[in-house]
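Next come two complexes, and both contain chain A; in the first it sits with chain B, in the second with chain C.
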Partner chain A sequence: MQLTSNNQLAKGTKKVANINTALAAATCALLGTSPVVQAEENVWEMDTALLYYGETDRVTAVEGVFSAKKDFGDEHIFSGKFVLDTLTGASATGAVSQPNAQTFTRPSGKGQYEIQGGELPLDDTFRDTRLQLEAQWTQPLWDNMRGSTGVHFSKEYDYLSIAINGSLAKDFNQKNTTVSAGLSLAFDTIDPEGGRPVAFSEMVIDEGQFADEQDYQAAFDATRQKDSDDKSTVDLMFGVTQIINRRMLVQFNYGLSTSDGYHTDPFKVLSVIDDQGLTKSLVYEERPTERTRHSFYWQTKYALDKGVADISYRYATDDWDINSHTIDSRLRFNLTDNTYIQPHFRYYQQGAAEFYQPFLLEGSTLPTFASADYRLGEMTAYTVGLKYGMKMPSGNEWAFRLEYYQQDPKNAGFDAPGALQQLDLYPSLKAVIAQVSYSF
Partner chain B sequence: MLKKARIILAFLVSTQLAGCANLGVKPWERDLLAKDEMALDAEGNDLGLDDHIYFSKEATSGGRAFAGGGCGCN
Partner chain C sequence: MSVSDFTIEQQNDHIIGRFAAMASPCELLVETQDPLLANHLTSLAYLEAKRIEQKFSRYLSDNLMSTINKSEGTPIAIDNEVFRLLEFAETCFQLSAGMFDITSGVLRQAWKFDGSDNLPAPKVVEALMPFIGWGKVKYDQTSITLDKGMELDFGGIGKEYAVDCVAKVCAEYATTTSVVVNFGGDIQVTRPRQNKQPWLIGIESPEDDNGSTKVLKIVSGGLATSGDARRYLLKDGKRYSHILNPETGYPIENAARSVSVAAPYCIQAGLLATLALLQGANAEAFLQEQGVKFWCYR
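On to the complex of A and B.
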């Protein structure tokens, strides 16, 4: 009996050390871009994942992740992440469906594609490979204070993003309360194939009206800005983590994000329609050059006898007038000591940006900003999924995740004239997410 | 809207901090909290992949972590 108690004590002491490390790292990590969980000293811990994301008739993405972390002693923790993803398929252009076939010029200006009547215009030229690298260092500084700093790099064919971050976290109340503050600075550069479209310039479509290729190219070039553009983002985040009791801990974050620069999507257009609902021309969108966002995030984790309940809620609002609510829940049930299942449910709802409109009306005054990108429109979305994990005798772990994601765009109060009334202007998007993970 | 947000934030932070003194556990009561799956960022790769998907498909990002920067994902 005495021996058992001693063992339990020893085990308990180790766990106390672990939770201190875990909370320390987690609090800093929540402010960083690279998650750090507790790390055993001087052992590299590797996590790998391969994700498939496939939308019906639209985008397919495959993403591989390799992350590693190591505690070099006394909670001096390094974590790094390598991500490689490829994207192919078709993306909604913003143009509305029409009763008849429509012809579009590709974003590069080289070539055309045709969309059949009654079908949502999708640009099927998307093909991209993206590389992302992250590194984060976390360590104690002084008197229950920890610091964390990191870098983030993401590069795809026409887009580059570089970010640095730093955060401080301090423990109070026997490490039951942690208060943290973080700052991230990001700098993005975009240089799209074919150049950036001039705001509200009309898409040049070669329908035989040009004398030769040179004439067409001159007309196309007149709608383009050739140089690259950029966007800088400053993020501030303040967080409080509180242990409530032996089973429950909560976290609250407030995030303030301001971005300045090019926010327009160079591949998105708006249809200019007449009072019959027929498209007369297509013009490129234009978004504001500034955006200020606020987010309020609440997460609660509760240890069940055989599992964990993890529920979070996020409210976000910004000066584009987009307000959103997100509820995310993961409920882990341990089937045995080494296996578990974890249902996942997520619900998301957003309102439309003030400059969102599904189309422009011919003859009306051109707005300062407009976008028909459905991602800036009103929508609800939900995700349902299931994860199964199993720990091997070696301690390594396999996990499999299968989820279904559906977006349901809504009409944010726009009257559709004529022919548009018979067409589905807000089609749902359906996607399957499948993931295999291995930790060692 | 901003003013409203500030009031909500001030209220939540103050109630959190005021309540903190009476909450929490003793060091020897952390057995359940010490489990890997109780870490706030357990399943880091899953969370990162989800953030990427929803960042690309929805107008809101961040909350759990920083919102800005990222990619030109479609």
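On to the complex of A and C.
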């Protein structure tokens, strides 16, 4: 006896039609049930998005995202993501503004740029393309348990990051409570153009003091370490999700992240200032090689009659002394059955890292670590935005998002000597975010 | 209903309820540790199966089917359930271009598929043909009129329909409990198990006659088998399947011996399996086109 199956398509001589859809409808009419969505098992859910991020006078980023998800049946789910972004524009170097023009050597050592008096020094050669790939597999295991594992790959011109992750989630209490634990291991390698600067080495600026190009190159090379460096990160996450009632869900997460290796930004410098507030030299920054971070996250979602309220708070603290608070809220209003608007408000506040200094004072003892990177300083930031989404008759969805972001760095208690008092050492950063996404 | 009409047996992670109905062994696999719940579901299942059997069986002499089949042109009052089944049969008739016809049961008077070489005389078959034809049946929401000599036979869909009805009763009573309804290999799962693991169900292997069983994995939806490898005629080396073509009155050529199909509902799976048998040599191509999981034995 012979068994034939889906894989062995018989040599059909007659054209046959698909009658299953009509039969499914007849079945539902007969049984008085609603149709079973059989498509679930076979259809890829695709999401595409194009995002524009533009800072006033600084960085512009354009990002394209393509993600796909498929349930291969019985909640065996694969998801993949492809991200490509390009960054262009100017980025703060860490140097302070000066009353007079300043000359900087580009990070590669090839060429210079000039910053006018009274302006914040920005390195305008900032340009990068980043490619990111992700794949994740999730499936039920045993006893109300789900397992998930994935890989992550990200590549920039001078940066490579590879990560793997795994997590387990278990449902209790008739799926009203879910407890989860996850682990992620990441390994990053950095190999910047022109090498990594030697800690606190002085930026070599060609102002005619070198006999020839080789002399300059030799002086520049003396400030550089040629080989690449790396960083490894271990993240642990524990979470509890509790369904409070038909409308409300609460989630609490604790995350522990430890990283070991090269944390320094090879493009950031500190100005060495005299007591008049004038820059005498520029030195490359140096950060600790270890960082341990704890984060506590709480989220509540509440289903309204015509929408969803989503409010979250995160507190993070680390051994660099950066403590931060984030409040994020989204309120979705369904305008019709197929359209919604979603206002968004986010507020962020952080304290400065213990080794953050806006500048170094000439003649003072050199610290072990120092950085003037505004991202490690004291600041507040907020985002306000609006998203509009609409579902097409085909079931595909368009969404449009427009947001405004402002970051306000603050003086973390440093006295500015002389000329610096007249200058804005902590200028605000303003950005516009626009996104179009399409799901099908 | 007496105590011995059904039995309950505790398994590792579920409870099995058993009874006999529709000339089949009937099983209910209930994912629970609560014998009271399993007992109650089994009794509900038993009552529902018996209700349908009583109403639609062609072997009983005092039921609605028998009244309709002996009506000789007199309109017979029908209820909504019968009307919905007639509508379903009408859809199947249309979708199969006349190959699925619940009036073709009269051919059983000529054909006895007992494994012998006793083919009916052509005259006998020919004499039955005027009594076949769904198009001659007149029905509406309240009544049906059948010409003299014609018969309705829900045998092709009755068991699958009963499986789905029983599954519906179970799903309504125990909304969060996964229950498998298995009437002699026609199966419906009410909802996936708590841990999403498949149900393992032993079914009689259609491949051989020695009663061996295969273990089938099913997570959700329905499964049904049509065809019976033991029912055939063999004459001059030619095998005649028991699948009859209502247009000729003769067995379908090159029909598969048995076809199993998985679909969201048992009755839907059953129909696809039956229509595949009616496709003869084209069964696999037909099922492939429907986008369902299937197993075809030839």
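Heads up, the rule we're going with is that the second predicted complex is superposed on the first by the 400 of 440 C-alpha atoms of A that agree within 3 Å, B and C clash if a C-alpha of one lies under 4 Å from a C-alpha of the other, contacts with A are read in each partner's own complex, and residues count from 1 in each chain.
In this section, a residue touches a chain if its C-beta (ideal position, glycine included) is under 8 Å from a C-beta of that chain, and two chains touch if they have at least 3 such contacts.
Just so we're clear, the structure is a prediction, and the values are computed from it rather than from any experiment.
Of the two partner chains placed by the overlay, only chain B lies in contact with A:Leu51; chain C stays clear of it. Judged by the touch definition given at the top, the superposed model places A:Thr289 against neither chain B nor chain C. By the touch criterion stated above, A:Asn144 is placed in contact with chain C alone, chain B being left untouched. The larger set of touched chain A residues comes from B, when the choice is between chain B and chain C. In the superposition on chain A, A:Gly73 makes contact with chain C only, not with chain B. Contact with neither chain B nor chain C is seen for A:Thr60 once the two complexes are overlaid on the shared chain. Applying the stated contact rule after C-alpha superposition, one finds that A:Gln174 touches each of chain B and chain C. In the superposition on chain A, chain A positions 12, 16, 18-19, 22, 26-27, 29-33, 35-36, 38, 174 are in contact with chain B in one complex as well as with chain C in the other. Of all residues in chain A, only 12, 15-16, 18-19, 22, 26-27, 29-38, 47-49, 51, 53, 59, 63, 65, 67, 81, 83, 85, 87, 91, 126, 130, 132, 152, 154, 156, 158-159, 161-163, 165, 172-174, 176-177, 182, 184, 186-188, 190, 233-235, 237-238, 240-247, 249, 251-255, 257, 259, 265, 267, 293-297, 299, 301, 303, 308, 312, 314, 316-317, 320, 322, 324, 326, 330, 332, 348, 350, 353, 375-376, 379, 381, 387, 401, 405, 407, 429, 433, 435, 437 touch chain B in the complex they form. Taken together, the chain A residues at the contact with chain C in this complex read 1-6, 8-10, 12-14, 16-20, 22-24, 26-27, 29-33, 35-36, 38, 42, 73-75, 140-145, 174. Chain C makes touch with chain A in their complex at residues 84-85, 87-88, 91-92, 95-96, 161, 164-165, 168, 176, 192, 194-198, 207-208, 219-221, 257, 263-265, 267-268, 271-272, 275, 279, 281-298.
By the touch rule above, chain B contacts chain A in their complex via residues 1-2, 5, 8-9, 12-13, 16-17, 19-21, 23-49, 52-54, 57-60, 62-74.
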